[in-house]
Each structure stands twice: as C-alpha cells, then as structure tokens.
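Below are two complexes that have chain A in common, paired first with chain B and then with chain C.
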Partner chain A sequence: MPKSKKQDQLKNSSTSSKGAIFLAFNNKEINYVKLACLSASSVRKHLNLPCSLITDVGSLRHFEKLEYIQVDKIFENIIIDEKTDEDYKEDHFYSKYKIGNIDNVRKYYDTPYSTFNSQFKNLTKHNIYNLTPYDRTILFDVDYLVNNDILNLAFNIDAPIQLYKNAQSLKNVIPENISDKRLNEVSIPLYWSTVIYFDKSPMSNMFFDLWAHVKENYDYYQSIYKFSKGLYRTDFAVSISMHLLKGFNDCVDDVFAELPASPMKYMSYKDDIASVDKNGIVFFANDYKEEWNNILTYSEGENLHMMNKRAIDRHYDKLMELYV
Partner chain B sequence: MSRGYLIYAVDEPYISMANILKKSIEYHTNDAVTILSDKFPDGDATFGKKHKIHNFWQIYWATPYDETIVVDADMLFLNDYSYWWNYLYKFDLLFPNTIINYKQETIQHPQYDRILTDNNIRSSYEKMFYFKKGQVAQEFFTIMEQVIKNFEKFSFDYFPDYKPQSCITSYIFPICIKMLGIEDIIYDKNNIFKYIDMKLSCLNTKIDSSVWNNDLDYWGNYEEFYIENFKQYYPLHYRNAEIYTL
Partner chain C sequence: MDDKLEKALDFSNYRQTLYNQQQTLKAKVINELLLTYQESIFKATPELIGLIKTIVDFNYPTVIIDDINENPVNIKNPAEFLENLIATYSKAKNSHYIGYAKIKKARSVKKLVNFE
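Showing the complex of A and B:
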C-alpha cells in the first residue's frame, strides 16, 4: 500500500468516531433492553467504547418501569425506532412467519427441560447502517458479553465488514448442529450476525442493502440455498449476502474479514449458568446428544455469545457485578 | 520450450470426456491440447484390462511438449489458468499439495483414500500434474513402467496391511513417489496448482446415489459453473457424474 494512503487511513482512524450499537425490542417473554444494558456494560468496561441503543417506546418504558438501572447512564444515545407493533403486523414479510396469532415466532430453550415461544423482532437489523451515529461501528447482539479488549483490534483492520464465521461451544468444539455451521449440509458456510464491525464505506452500504434484499426475498433464497423454512434468521441473510458479494465464492479477503479472536465462543440455549464468581462464569455445558448429561466448564476473560437468555436473567445481578 | 496439455483417454466414455475437456481448455486458452488414446510409442498394453492405465507410463515419450500438464479426461476447465505456466516452469515434476471440494473445503488425506493412509502413504492427487522433460521426469516414468508391469508385487510391498484391488493411478503414483523418495520436492507447497475433486467421500455431504449430480444441484457452462450456488474456479474433476455433455 502506498505510504500516503496508509497515512490517510491512520489519520482517519484517529479522527473518525467509533462506537458500539445494540438493538433491543422486548417481547412478552424477554426483556431485551435489560440484556442490552448488561452487554453494553461489558463493552464499556473492556472496549471503552461509547454505546448506543436502538429500541422502541414500549420496550424502553417497560424497562424503565421495572428496573432500577438508568439506561441513559449506559447508553450515550437512545434511538427510538418509530415502527409500532401494528406496522410490523402490516409488514408483508413479517406476517408470513407466524404461529397462531404471533408473528415470526421463535422457539427458545432454557436448558433442555424448558421451552417457550416468543416473537423474534429481528427484521430491521439491516437498518443499522442508516441508524448508527458512528463512522465505524460494532453491532452487538444483546446476548453477547465482552470480557477482553481484543475486539478493539477490529478498528485497526483494513476491512469494511468483519464478522465471525467460526464458532465453538463451551466445550471448545465446533457446533454439533449443522444449522450453526452451514445453511445446510451441502450449502454455504454460516456467518454469524451476532457481532458485526462495519464502516460507512460504499461496500458496507452495499452489504446492508443486499441484506435487506435477501430479507425481502427470503422465500426465494430459502429455495435456492435450501435452508430450513420458518423463522427468519439474520445469520442466514448475512451469510447469503456475503456469498453473493463475494461472487459466489467462500473466502475471507480484504473486504470481508473475520473478527479478531475467532472462533466465537457461545453458550447454547441448552447450556446453563451454574454460578458467577468475581472473575468468571461457571457453566453447565449440555451434551447435544445425551441431554441429561452436563459437564462443568469455566470461562474467564473470553468473549461469550450467551444464547440462553433466561439463564442470564437468573444471574443478572452477579453478571452485572463483573462489569461495574 | 513447447507447452501443452495432455489428456490420456483410452476407450469410451473417456475419449468423449477428453474431447469435452479439450474444448473447455481451448475455450479459455490458446494452449495446445493433445488427446492420447492410441499410437503409444511402446505399443498398447491395455487390451483385455479393466482399467486402461497400462500405457500411462508412456506419456513421457508420447507428449509432443517440453512442458506438459497431464489432466484426467473426466475434468473440466472453468477458467484461464495460463498463469500457471510461469510458475510451473521452475519445477521438474509437480503435483497439487492440496485439493478442494466444491465447497472449497480442503480435502483430507484419510477421506480421499483410506488404503493409502492406513499404509502411511499420502495421496498424490495425480488427476492433474505437471512435468518438464528431463532427468527427474524420465526417471519417474521409467519407475512407473516397472510399477505398472509388476503391480501385484509392488502393492504387496507398499500396502502390506490392506492391499488395493485395482491397478489404478491413485496407487501407482504414490508408490513411484515413495520409491524415488521425492515426497519433499514434488508437491506444490504454495498451493497455487490445484483442482476440485468431486469424490463422494470428500464432499462432507451425504450423497445417497453413486453419482453426485443426482443429489447436488449444478448449472452453468464452461464460462461459469455452479454447484449448490458455489461458483467453481479451479479445474473440476467431476468423475462419473454425467455432466460432460455441457
């Protein structure tokens, strides 16, 4: 790279704004704003980044009514998505994925022994490109806990889009479920939309536009890429967008890089938290094939995608103590 | 120095496949292509044999080129790989170090051939290889003549635990490489020279039928060829799939 271009980049990286952003839309079962507060606290502590929240009026009021935490002390910006529940119901796409009277229903596990169905409001995630107040943003799912500062390296990598392709479970093995590795056995690899770094470049813009296009034509892409019908998964939409933008190839390159500290470690829906101590978390890591079988694992200093949201809720105060 | 591709094809359907491969190479490049199916310098030894590879050692003397890339008939060229020549001329004999499947996953040796790995011998990935006329290549093909003509004996020596049932290139080449002790110098460590292999055991996908084209969707032509939405870049070793009428 020419010296002047590198110098420009370094100059830009020191002057452009950077921050973290979270989307949180409560449903009847899960208080996503509460989870966002925990996740943002972990980001503030370890990455020292300003955080912004995108939510709706209902979710925010619900949270403020129930919780003692002041949201505006954690988030420097609270951006209200004006779309109401009625708007969602009129959304042609949204109403297609419904069970009974509930739209885009997801079956959530809380350990192998408890399940619940609830609405999954993830349809506007691609709008983040337009909503973010930062030049360079890391989008975090609210169930992602940051426990080290490695993700700050993303701001030094010259790639407009960065996300995770590889993941590993609490037992440090690759996911056992095929839908956490590929869209199906014969199809393209899965890229996780859990954490996404992006800038305001035309390539990023194209990526999010394509994501919107894949969402709008989800049935078509389902038939082409042969993934399971039903729930709209942003991971799938992101994976297809990446594949299309890469010219139907699968490669990590200068445009799309893997985030630092790959693979992304995750606690699955069927895992549980045993306890939280002052430094880390003790988990029950569930066996995918023998559900009665759990082993204890300990995690300290590792970033974690905590899929079991009810488990977070049960240990919320202790987890929050890790980040104050 | 003359350069060109050589396709070894004896009998049908390999001659038809070779013609399709030749067309695909000529579509993308101006390189010379020769199909070797008869007129072997030392005569035809394939009569009555199930696998028609008994003349394979003669390609060194049969090739009209100083530098030759040998390709299996059941392959398709999907791009212009002419840049390979400027890389390959530095070597006397070169085989791919790694090959990939249609999902761009690197194929592991045990999934490619269990007999070889059980006998601690690595696969040679000889469906496409390069040689330059000279002492190294001549020695290699001279050894190959002996291995082919005495395959029973050599397979007993090199595969003591689990003997291959067929005299095929997948076993002949590794024996020759091992005999000459050239494993360290004949594989492309830079992974530039490679192909896509559709061997069922290497697809990391459950295929119910004996040919992959019954289970996987594919479409395209010489210019752009897709399998399950993956655009294929490297030469495609499609094997027994019935796609060669493209």
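Showing the complex of A and C:
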C-alpha cells in the first residue's frame, strides 16, 4: 500500500508532537481514573512522554473528591467526553447487553475466588483518533504499566499503526484462553487494543473509521467471524478491522506493524500480586487448569498488562512508588 | 509428609520457578536487542553484526538488510549501523549476564523472586 506524502512529512517534521493518551470512565466497582494516574506515571517515568486523559465529569469529580493525587500534575490535558449517560443508553449496545438494571455488563475476576459484574464503557475508544491532541500518539489502557523505554522505538518506525498481536502470560507461555489468541478456534488471530500507536495519517484515519464501522455492525461481524456473543470487546473490533484492511490476509507489513517488544506480557484476572519491592513486582501466577495452584514469579523492567484491577488497587501506593 | 518427598517437592518448586525466571530474563533481553535505524526496526544478532562487519570490511557503500518484519531496507551508512548494532548488542548481553548471575546465585524460591 503506498504511503502518503503527508505521513512522511509528519514523520520528518521536528515540530510534530508525540504523547500518550488514556481513557478512563469509572464504574461502580473500579476507579479507572485512579488506575490511569498510575499508568500515566509509569509512562512519564520510562517513556518521558506527556500524557492526556479522556474522561467524563462524573469520573473526574469522584476521583478529585477522594483526593488521591492532583490529577493535573500527571496529565497535561484532561479532555472531558461530553457524552452523557442518556446518550450511552441510546446506543444499541447498552440495551442489547443489559443484565438486570445495569447496561453493558462485564464479568471481572479478582483471582479465581472472587468475581464481580460491572458496567464497561468502552464504546467510544475508536474516537481517540479525533480526540488526541498529539500528531503521534500511543493509546494505553489504564491497566498497562510501562517499566522500560522500548515503546519509544515505535516513534522511530515508519508504520502508521502499531499494536500487539501476540501475548504471553506471567509463566511465559501463550494465553490458554482461546479468546485471547483468536476470535474462535478456527478464526482470525486476535490483535490487542491495549496499546496502540497511531499517527494522524489517512491510513490511521481509515483504521479508526473501520473500527467504528465494525462496532456499529457488531452483530453482523459476530455472525461472520463467529466470536462469542455478549460484551462488546474492542480487541475483536480491532482484529476484524486489521483483517479487512490487510485484504483478508494475516501478514506482517510495513503499514500495520507489531509494536516493539512483542509478545505483550500480561497478568491475567486470576493472577495476583504478592508484594511490590523497590524495583519490581512479585506475582502469584495462577494455573488456568488447576486453580488452586500458583507459582511465584518476579517481574522487573518488563511492560505489563495488569488485567486484575482489584490487585492493582490493593497495592496501589507501593506500585506508585515505583514511578515517582 | 515424608521428609524426602517434601525435599523433592521443594526442589521441584524451585526448579519450576528458576525455569520461569530464566525465560522471563530471556524475553527481556530479546526486547533489549531491538534497535531502530532509518525508520525501521532491527534485532542486533551476532549474525547481523557479522554480516555488516563483512560489508564494512569490503567497503560496500550500502547494503540491503531485512528488518524484523522482513521488509528490505537500504542501509546507507553500514559503518554507523554497525556501531549501533554493537552498542545495542553489548548493552543487552551485559544485562543478560548480570541477570543470569543473580538468578544463578539464588538458591531458594524466595530468593529467586526477591520475596524476603
């Protein structure tokens, strides 16, 4: 695919800005803004990037009321998503995936022994292309901790979209859950929407437009790609967009590349944090098949997708000390 | 539990943790071997360093090398590229050596995972 002149100009421009962006919409169980502060602190320390937050008035007020940290000390921009709860309710996803009185419910694990259900506001993630204040952006999920500077290499590579395709657990093996590898056992590979590098090129625009299209026609694509029904998962929407844009081929190319340091390492929902020391984190890595069985693992200097959000909350202050 | 069996199981736990920490270290070092040059990403392997050194020794002005995504890149300054490769390789392998020595010294699960 030919690259646009505009993209080349953007890459070469010394004035082109770069930064990191986070989306955080609190629900009744998880304070996403608090998590975003931790993740952004890790990005500032290791990547030295300015950070911006996209949130809503309710989430921000809730966070400020608890007075954990001054949010504007961490984020140079706080962008308020004007969409109200009423607007969300009009979105067909929220009525479709309603359980009881709660809309778009997701089941969260906190180790194998505890679960909770809560609302998941991820429907506007594709709007990030229009909302970012930067020419070149890395979008981070708020549960991603950066512990080295490898992701800065993404800014030096001539690929407008970069994201992770492969992941690895704390035990250094590929995910055991099929939906973390493929859309179904015989379907296309999964791309993770956890961390996405993008620029303001027409190619990137096309990717985010297609993501929006897949979201709007999620039922149709569910019937084509045969992934599990239920919650809207942005990883699935991104994977389908990649598949369509790559001409229905699963190939590595110079437009839609993998982020540096693939595979992405993750702590699963059933893993737990044992302790945090001054350099790293000790985990209980849970066995997927034998849930009573854990091994201790130590992680230092590795980027981590920390899926168990309650575990982060239990060790929040110690984790924050890693990044101040 | 029988003492011998308990010791064997402790040793088994230790070996499992040791193996996992070694794999973690290897993955970390593989990432540290990455470098970007001319807007492409390469891995500083001994083979690539050897090839570029040969190119430099033979005074070739340029050379085509595949990046890690198998896209061919015209390296316009092989000598400078070689310097970058060697610097990245040395730094990564030094970190590997230090990490390996630390793991080798740890004789219990607690020491392996810094859990004292």
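General observations
The rule is simple: the second predicted complex is superposed on the first by the 311 of 324 C-alpha atoms of A that agree within 3 Å, B and C clash if a C-alpha of one lies under 4 Å from a C-alpha of the other, contacts with A are read in each partner's own complex, and residues count from 1 in each chain.
Throughout what follows, a residue touches a chain if its C-beta (ideal position, glycine included) is under 8 Å from a C-beta of that chain, and two chains touch if they have at least 3 such contacts.
As the structure is a prediction and not an experimental result, all values here were calculated from the model.
Look at A:324: by the touch rule set out above, it reaches neither chain B nor chain C.
Chain A is touched at more residues by one of its partners, and among chain B and chain C that partner is C.
In the superposed pair of complexes, A:243 makes contact with chain B only, with no contact to chain C.
In the superposed pair of complexes, A:148 makes contact with chain C only, with no contact to chain B. In the superposition on chain A, contact is made by A:168 with chain C only, not with chain B. In the superposed model, A:224 lies in contact with chain B only, and not with chain C. The contact surfaces that chain B and chain C form on chain A in the two complexes do not overlap at any residue. On the chain A side of its complex with chain B, the touching residues are 185-189, 224-226, 243, 247-251. Within the complex formed with chain A, the residues of chain C that make contact are 13, 16-17, 20-21, 23-24, 27-28, 31-32, 34-36, 39-41, 69-71, 109-110, 112-115. In the complex of the two chains, the chain A residues touching chain C come out as 11, 148, 150, 153, 156-158, 168, 171-172, 252-254, 257-258, 260-261, 263, 265, 274-275, 277, 279-280, 282, 285, 295-302.
By the touch criterion given at the top, residues 103-104, 203-206, 215-216, 226, 228-231, 233 of chain B touch chain A in their complex.
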